[in-house]
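For reference, chains read A, B and C in written order, and residue numbers begin at 1 within each chain.
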């Protein structure tokens, strides 16, 4: 690929890890996402009258630049929670605020990375990455320029004109990540983004995500069912319990950053993971 | 999202967002019998148009229904219906046996598929009606023409679906049965046949619909018996109301046979829902 | 394989001794005559295809937007569903006299029959294409704040293209059937007239040859449709 972009993340020297002071100076550092007593029920299908309490009285604050992971047994409503914050589904009661404003639908301040990748099968990598910008009416030249930068960032340079079905799962989700980052959102909402990817690739993707997050430091809400992943990535892990979906506990992860594979070998990492498993084991029904 | 998120308004598309917090409730449009109302409105419109416009080709619906009752009361008409049914049943039975056997062979053996594929596909997509004069030239005015028209309408879709069904049986399932030491006959009986049943039955149902069309078209073109001959006769007398009435009989026939096929289908493929 | 089939045809026809059956070689001679001898096939084809082209075009132009709309609007879909069921089940052949009464022995009558044959399959497939759009893609587009218009042009319609083309192909085949049906039944013109005439004059070789021409046209048109589809929707191989 020709290097037509003047500024690309790859050509910059690796960004130094931003210290807390410089981050605080650059932003208001206040709450980015606030949930106040949010509840959600799903009606059963047409014939039945059963309802499911997907979420029950959820209260939660996510601060700017925070990386939050959400974990819990299936049926705990973690994906529902993410979709409510994304503005994709309505909630029944309570309040959902993003940057202090109530959520009434999807907005340019949030971008979603989907478990199923949700790439348009007829669109090339470049077109897929530029999709979010296209919906905002950004002219072709400009959006493609931005998209190329992000394609490079996620390590897909040279694949711009490929179709999704010619890419491996890991590469497809790199496209999904680039698409989300391309709109330069304040918040990244990631719904089990590596759940459909094999273990080896997933580990590489986790490292990639940490690397990219290192110099962008978006606020991230990351749903997962992997305990290693939850602890490795997060500043705080939200542990949810099922039926009805509730916040069971919030666990701090005071591990130093930048993190990587070596983090997983530390005693502190193992301790937090074991703690998480002890709590999950109790509510897990097989 | 559509499956889980209740639609907030009547006009909401399956992919409309419903972001505003509100109590979900069932919309009015969901509860209305839209299909029935639409059919009623269409019938009324027809009746009114038929009465006011007085076009020879658009008799009022009530007149058609009255003719339908009259026709069904006539001995000769009932004899023609029976004649049509006979051609349909025999022709469809031939199609079924032939279609299932040839389709299964094509699905199981690559050589058979390679040999027949092009002809089956050509005859499936080519306008079948063009063959009717050929059959007429060969078989004349006899039952041979009527039956062969029904068969040529129905058989190819049964062949294609049966072939595809056999070919797409999950190889993992067959392998599983082999791993348990099942014999080839056992695998066919217990794995291949049930697994291919939904697609096979879909082909059989399509074939049945086409058989009804073949029956009526063949009768219109080449014979003096059956519903098709009735329709042709009324058509040449320009008695449009009776033509519509005969069409209605055929439609009822198609609906009843489809319903019967549905019953069989439901019994055979209950696991697939 | 083709050789085997043609040999079988030739031998069987010779052994059959049926005045209705022409041998392969006789059929080829007749085909040659139809093309370059009396040359009647060209005029007949041209005449027949006028109804086909018009009827198919009108079918496509009405059925595709209607299918898109019904795929999107549940209420429209339900309102149309009884008529869809009727049109799918009803044999069109008996309706030919009605079209003749309405339009006379004209091109309009032939076109209307072609439409009756073709339109429903295009509609049903287009609707199914819209219905089967991957909802996860639609949700993704919503999450990125796409407008309704963007969702239609960038997600729904591209997704529906393969099913739509399948419907157009089936519709094309049906349109050909309609074209021949009306010519055989009432308006003796085009290839239908040719067929009936040669049948009545007991010239089976010419009947067979004409049939082959129509089948060849059907296959050619379908191949053409496939070609266009590959151009329009190359991601769907």
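Methods note: a residue touches a chain if its C-beta (ideal position, glycine included) is under 8 Å from a C-beta of that chain, and two chains touch if they have at least 3 such contacts.
The shown structure was predicted, so the numbers you read here are calculated from the model rather than taken from an experiment.
With contact taken as defined at the outset, chain A and chain B are each touched by C.
Put simply, the chain farthest from chain C by mean CA position is A. Which two chains touch most often is answered by the contact tally, and the pair is B-C.
Distance between chain centres (mean CA atoms), chain A to chain C: 50 Å. Computed centre separation for the pair chain B/chain C is 18 angstrom, with centres defined by C-alpha atoms. Across the assembly, chain B contributes residues 1, 17 that each touch 2 or more other chains. Looking at chain C, one finds that residues 139, 142 touch two or more other chains. Shared interface positions of chain A, i.e. residues touching 2 or more other chains, are given as 87-88, 105-106. If you check the complex, the residues on chain B that touch chain C are 1-3, 10-11, 13-15, 17, 29, 34-39, 42, 55-58, 114-115, 118-119, 122, 125-134, 136-140, 209, 212-213, 216-217, 220-221, 227-228, 231-232, 234-236, 238, 240, 243-244, 246-247, 250-251, 254-255, 258. Chain A contributes residues 86-88, 105-108, 110-112, 114, 116, 118, 120-123, 131-132, 134-136, 163, 165, 179, 183, 189 to its touches with chain C in the complex. Chain C meets chain A in the complex at residues 134, 136-137, 139-147, 150, 154-155, 158, 161, 233, 235-236. Listing the residues of chain C that touch chain B in their complex gives 1, 5, 18-21, 72-75, 78-83, 86, 88-102, 131, 133, 135, 138-139, 142, 151, 156, 169, 173, 176-177, 179-181, 184-186, 191, 195-196, 199, 204, 207-208, 211, 214-215, 218-219, 222.
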